[in-house]
Amino acid sequence: MQTADGSAPLLTVNGLKVHFAIRKGVLNRVVGAVRAVDGVSFSLRRGETLSLVGESGCGKSTTGLALLGLLKPTGGQVEFDGQTVRDFRGAALKSYRKRVQIIFQDPFSSLNPRHRVRDIIRAPLDIHQVGTRAERDARVAELMERVGLRPDQANNFAHQFSGGQRQRIGIARALALNPDIIVCDEPVSALDVSVQAQILNLLSDLQRDLGVAFLFISHDLGVVEYLSHRVAVMYLGKIVEIADKTAIFANPSHPYTELLIGSAPSLDPRNRHQFKASNDDIPSATNKPSGCSFHTRCPLATDACRESEPQLSLRDDGRSLACHHR
Amino acid sequence: MIAYIIRRLLLLIPLAIGMVVVTFALLLIIPGDPASVLLGQEATPEAIATLRANLGLDDPWYIRLWDYFAALAHGDMGQSIFQSQPVSTIIAGRLAATIELAVVSLVLATILGLVLGVISAIWQGSIIDTATMLLAQLGVSMPVYWLGLLLMLLFAVNLGWLPAIGRGEPLLDALAAALSGRPEVLIKSLSHIALPAFALAVNSAAIISRLVRTSMLEILREDFIRTAYAKGLRRPRVIVRHALRNALLPVLSVIGLRFGALLGGAVLTETIFAWPGLGQLTISAISQRDLPLIQGIVLTFAIIFALVNLIVDLLYAAVDPRIRLG
Amino acid sequence: MQLPKALRNTSLVVGAAITLTIVLLAIFAPAIATHGVEQMDMRNRFAGPSFQHLLGTDNFGRDLWSRLIWGARVSLTIAIIAVVCSVIIGTIVGLVAGYFGGWVDLVLMRITDIFLGVPAIVLALAIVAILGPGVMNVALALIVVAWTEYARVVRATTLVLREQNYVQAARALGARPSRILFKEILPNALGPIIVLASLGLGTAIIAESALSFLGFGLPPPTPTWGWTLAYGTKFIRDEPWLSIISGATIMITVLGFNLLGDGLRDVLDPRQLSRGGGKS
Amino acid sequence: MKTLLSTVSAVGLALAVFSGGSFSAQAAGTLVVGTDVDAGTLDPRLARDSTAYRVADLVYAGLVHITPKLEPVPDLAESWETPDPQTFIFKLRPGLKFSDGSPLTADDVVFTYSTLLNPDFSSPIRALFTPVKAVTAVDAQTVKFELAAPYAPLLTYLDVGIISKKAAESGQDISTKPVGAGPMKLASWNRGSDITLEANPDYWRGAPSIDKVTLKVIGDNSARAQAFEAGDLDVIQSPLSPQDITRLAGDDRFGNVKMAGLGVTYLNFNAKDPLLADPKMRQALSMLVDQQTIVNDIYQGVDQVASSLILPSSWAYSADIKQPTFNVEGAVKLLNELGWKDTNSDGILDKDGKPLTITLATHSEDPNRVQALEFMQAVFQQAGVEAKAQISDWPSFSTNYVQQGKHQIALLGWLNIVDPDRLMYAQFTTGGPTNWGGYSNAEVDTLLNEGRSTLDQAKRTEVYQKAATILASDLPYFVISDQGYQMFYQKDLPTEVQATPRGYLRGLIGLND
Amino acid sequence: MSHTSAVSSQPASGRPDQPILTVSGLEIRIRTGQGSFAVVSDMALSVAPGETVCIVGESGCGKSMTALSLLRLLPEAASVTGGKIEIDGVDLLALDQRTVEDYRGEKIAMIFQEPLTALNPVLTIGEQIAEAVRQHRKLGRRAAFDRAVEALRLVQMPDPQRRARQYPHELSGGMRQRAMIALALVCEPRILVADEPTTALDVTIQAQILGLISDLQKRLGTALVMITHDLGVVAEIADRVVVMYAGRRIEEASANDLFDNPMHPYTLGLLGAIPRSHAGAKVGSRLVDITGTVPPLWDLPKGCAFAPRCPKAVSRCHQERPEFEEKQPGHFAACWEVTHANG
């Protein structure tokens, strides 16, 4: 698999924020905010896979939804192909919608149960009025084959397929308009291991053949390690470390990255982790700890961590890190 | 919590204004005029005109509406055209009777509904279940007034067990009388309310029993029921403490809605059983085009309905710790 | 897969059978009616069931059987018009309120609350009093009362459906709201709507009869069930047949719609549709 | 039916807990009377419903009292004289007292009538007193009525209850707290439910033999009848459902009074409608009204087939005056003569290509009228007249329809016809206030004016019979039936029963005439 | 009979203890409108005190049904139609309902996958645990509640006094699962059945909970039956492993043996499909792709259920179902293509 080239990034996210209001009182005034995504910056190059990894509630999915315009960002900028997405109107927005697609986690709820597979895959073509009707149908058949489905199943409904096959349908839909970027929101976490492997292989084949870039959102380090070029680790709405895959896995720098990788079970019973029954809990985005939000769980935490928030900064080895101690 | 209650009560204001305006508009275009009803067939056109002017019916609609709201702001619902009494006095006199009827039949409906619903859920698929649910189906399929007449025919006329019509002492007074050694007063009051309350309750009992059944069946499939069994709890305890308590939650919100339906159903029931409540008053007010009275009744219904729903929501929050009102 | 399941649902089968029977009777009323619907015979009032009069006669000596099956036409027509219009209005309001949210939702739902709050009887009587009795006006009176329920249910369903990933997917593709509402959301909201509508038909039939009972129904000699029952209740003491048969006709019809609705609820339950293989 | 009921009765066992036998409201010296509506007011000047009238009759006393034979006899007035046809002078009894103990004087009478005559007071009966010019007190015991024109019916209208001027002017609400000089006084009034009266020992004839009268409001006629049968009520009276009447009459637990009433049920032809302008048309359509069936089958024989505008209960009645009678062939023949023929054999008569279509209207509150209308419609239809029914509730029917002359044929009724004038003058004189059909006939105008200006009963009889004869062929009204009055009572009542066609209750509390 | 061979042989881990839980020849069927089909067939299991046996497999393989049957908690449509479940030599299936209820929580307890739904939302944590105590111990309300707090302390619930008075939704996922474990262990059962106890948790919390479970197991000497789909979890915690496919065991071995020397092609495939750097496999190479899907249980192929997806399948595999037999000492498999190493 080719790693991405060093050309200009296709997508640049700068200080993205998504806050949800907390309302209270007689007049339902806004009294605070859940800072689900709180200043996230990264870039994505053509044809590469960048993974957003982190535990539930860290804001990785919210980031993905905001990128697609499914949630309204509270702040920050998204640049696509040199243009700022928030300025997009009319045709520009339409073309952005065409070039950035999404694959969802849940293969059940992501396909309309009342539509036939043909209609589901053709929807992007219909909406953007690509080609004639016949051309669209031909494209549907082609896509189905591409993702490993039999085109003669086009008239079936989603519930007639297994989870893995549904995920293939979702992928075909995302591919229909030949996008530059596909946001994959936990695309395999609902699947059994054997099926998960099929889908991961398919995704990696597609990237190789079509040069599409993936923003891969996942909590599963194994999957991330398998598929990514670069990995961004998120914790409570912020990226704490972002680096090449090998750097992250071989040499995790942020204490949280370390904890995350160290928590993944091994596959070697002769070399077990001695997991501690410790009880430190993940704080929630509603009441984030002050300073470095990881300090409540961090073995290295000092007063500085409690008081000031470390910024994400580029280090000599090419990784970006947000930690006072590393 | 207090803020929530205040906010809900404030929301009542636009609702009430809206309802007054809608009712006003309806009454404005309904043909027929209280002046001529008041004066009877023999009235001369001049007399009708004089009365119209005296009643302010000739003023433009916006002045009449404004006057109404201005008076309402001072807590004055106006004077009934026909009963030469303040609307508030008339309604206050009738309200207690209607609420008594609605509450008694709601209690009746809830008890019946719960017992039948739980029984048929526990013995799902058995003859008891089928019979209960068929009964429930019949209950919702019967026109209330027909049921009322049949009940009256049977219990009051043919069997002579219960009085056909009218109301005894108000139940609370009757209760007090019974406590002070005059049980016959209470018996009389109960005997009067039995038929109308039952006729009114059948529909709601049927609806509640079906809901309880569905909700019970759903709860009985929940994981925590399995947990309760896994703890070694006996079946009756699981059903009462774990299943029923949770199954009551959806029932609670329906009871609020049913209360509204009961108030509506009271119109027919009260007419049949000569129950001196708001329902009867509504019919006569409409048939006399007693505008201020109709407005007052509508307003009263709105307030009761809103209050009942507020109480239900508060109860809901009290019973279900997951609900936070804010 | 669905058909045998549907057939195994007793409620559905019985409900459909009753409904179908009534509908067929209504459609073929001209052929099935044994007597003229307005043919009076004052010497033969309140006759019991006999070969000549299957269900006896009414207070004008008219054949009850013929009147009831002709009445089925009227009652069903009114109920269907009322329910179809209520469904259309309620669905559009519910979809729009649920999908767009914000102030659109606020305004639409307050309007719904107002209609819900004004006692149904006041609304219905007002409509009939203003417009005078007539099939469309009686239906309109029922619509004004009934549409709110559909609006509320569709709104609640839409609130759930709009968060579904397939709706998100369509939004991400830049689909217009009309496409999302009518192609993505509506088909999935149809289940509860159909269920509600079939229950609503029953409610409409009862409501129409109640209007007639209060004297606001269609004018005679239209053979409405409401009038037949309303007359029946006048004679309930001495001639109970009339009110029992006409009441039972209404009850059985409503029962049919209710069973049908309940059966459909079971069959169309989305949880059952989406239930894949068993969990391990 | 019986088997069905006994099956259902099993369900009733649960409710039997409440049953403590029968709940008869009857106790010594009390009377429970069923009534169809609650009184709107207890102010006799504003009374407009039967209950208000009945209560007022007990709580108040008027100058005169109207006997069951419709004759005015002295009540508060001891005697009266008419020095000329335009002056009535009443002498009050000495020592009259209101139920609150205060004396009743001529001032109270003057106050009662002068307020009643004030247009702003909007009394529903003001129209009856239109010719009255002034009411004055000659002295504390004497009241003088001065008229603008001779007005024969006046005396029969002077049973209006006299109210206490002092109470009214001190701000007491007469409508809810009545003060009268009648045989009873108000004890309690539960709106919508019941009105209880107790004996007034200060009544000039002394306290009645019944201590307490309760009027129980039960709107539904059948329900009221059932409550009576269940023993909850001692007395019920018209309006009653005919089918209940038949049953109750056959039950020997109950006493039964049946008499000619003071009301008529009639068809109001709109003479201004082009279709109905020709009396011949009205005659033809009248011949399609099967009075016999309507009266016997729908009204179950309680009412009587009417033949003219003069009621059988009236002194002016003559059996010789005849409206057209039911005759379908005759009607069709007449219609044919008028040019209406069934040229296209669709069963409906037509003329100039237009079918003969007519709208029959009534109001929805009275099920018997609705049935009568439906029946007539069927007969019209059979005779080739396309008849449409229009039924709406009373306020829309009266205000927006009949009173504006928008109807073609309306089925209506008049009540309280204590004098022939009351059914004819306002209704048929040209431009009369209740002449909704726009009927106009100079000869009738003259006769009716004459009828009210002479006090000579023989003369009046002649005049009214003449007018009625003309009207029976001109047919602005077709009178279908003369209403009957019916009362049922428990046979174990403590007093002797004397009924009046108006349903007043004095005859039940021991105050027989 | 195949199952007897599996049961008669002692677990390879070499524990001397008598098994406290023995399952043999277990068959579970589900009734439907059209008849019934087996979801678990010929299942056998034997667990000693302090031992951990993992049942591993993908969705629909019958592992959860097996777990539920151990407490006789099968859903209504399912029932045990054959075999034995013995706890301390007593056949659970032969007991009357009341005695089974006495066993639950007292002798054998269970932890479920999703602690949010497995706890009653309207009762506090403390109430729910105390309820279990009072069901099995003659204790007063107060004492039972104290016992519940103790149990919460045992599972290292922070601030147990306060948490005991909270409702499930007020706790984080990790704390809920701790509460669930406290609930299961409060009456010190000899056997603990854990059905995917960490699947719903984040990876760092999963590590804590796995640590907690094995910690407690060692301290209390509980026999643990763990149901999971995650071979990583298996590698971390299991003494012995049973791999299931389509309602049947296809391989059973000690954890070490299984990961060192997986025999059944399905096990091999599962291991190869895990995208994780582990012994021998290099990340970035293509994942093993088990083609196709699990066949529906009501329509199983005639021979080996895995044959249609098996890269090594021969014609015999499609005709005859392979016996589940000991291929090496303590290592069982059901596959025609795996030969007996010892004979």
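Note that the chains are named A, B, C, D and E in the order they appear, and that numbering of residues resets to 1 at the start of each chain.
Here is the rule we go by: contacts are C-beta pairs under 8 Å (C-beta built on N, C-alpha and C of every residue); 3 or more make two chains touch, one makes a residue touch a chain.
Worth saying up front: this structure is predicted, and the values here are computed from it rather than measured.
Novice: To get from chain D to chain E along touching chains, fewest steps?
Specialist: Counted as steps through touching chains, the separation is 2.
Novice: Among the chains, which is located farthest from chain E on the basis of C-alpha centroids?
Specialist: Farthest chain from chain E, going by C-alpha centroids: D.
Novice: Could you please state the distance in Å, as a whole number, between where the Cα atoms of chain A are centred and where those of chain D are centred?
Specialist: Centre-to-centre distance between chain A and chain D: 85 Å.
Novice: Roughly how many whole angstrom separate the Cα centroids of chain B and chain C?
Specialist: The computed centroid separation for chain B versus chain C comes out at 23 Å.
Novice: Could you please state the distance in Å, as a whole number, between where the Cα atoms of chain A are centred and where those of chain C are centred?
Specialist: So the centroids are 48 Å from each other.
Novice: Using mean C-alpha positions as chain centres, tell me how far chain A is from chain B in Å, no decimals.
Specialist: 53
Novice: Using the touch definition from the top, which residues of chain E touch two or more other chains?
Specialist: Where chain E meets two or more other chains at a single residue, that happens at 58-59, 229.
Novice: Scan chain B for residues touching two or more other chains and write them down.
Specialist: Within chain B, residues 30-32, 150, 153, 157, 286 contact more than one other chain.
Novice: Enumerate the residues of chain D that touch no fewer than two other chains.
Specialist: 226, 365, 392-393, 396, in rising order.
Novice: Applying the document's contact rule, which stretches of chain C touch chain B when the two form their complex?
Specialist: Interface residues on chain C, with respect to chain B: 110-111, 113-123, 125-126, 129-130, 202, 206, 209-210, 213-214, 229, 233, 236-237, 240, 243, 247, 250-252, 254-255, 258-259, 262.
Novice: Which residues of chain A touch chain E once you look at their complex with the stated criterion?
Specialist: That would be residues 1, 55-56, 162, 164-165, 192-198, 200-201, 204, 219-223, 225-227, 249, 259-260, 262-270, 272-282, 284 of chain A.
Novice: If you look only at chain C, which of its residues touch chain A in the complex?
Specialist: Residues in contact with chain A: 164-166, 168-175, 179, 183-184, 187-188, 190, 270, 273-274, 276.
Novice: Mind pulling up the chain B residues that touch chain E in the complex?
Specialist: Listed in rising order, the residues of chain B that touch chain E are 221-224, 226-234, 241-242, 245-246, 249, 319-322.
Novice: Would you mind writing out the residues of chain B in touch with chain D in their complex?
Specialist: 30-34, 36-47, 50-51, 54, 82-85, 90, 93-94, 150, 152-167, 184, 187-188, 190-191, 194-195, 198, 271-274, 276-277, 280-281, 284, 286-289
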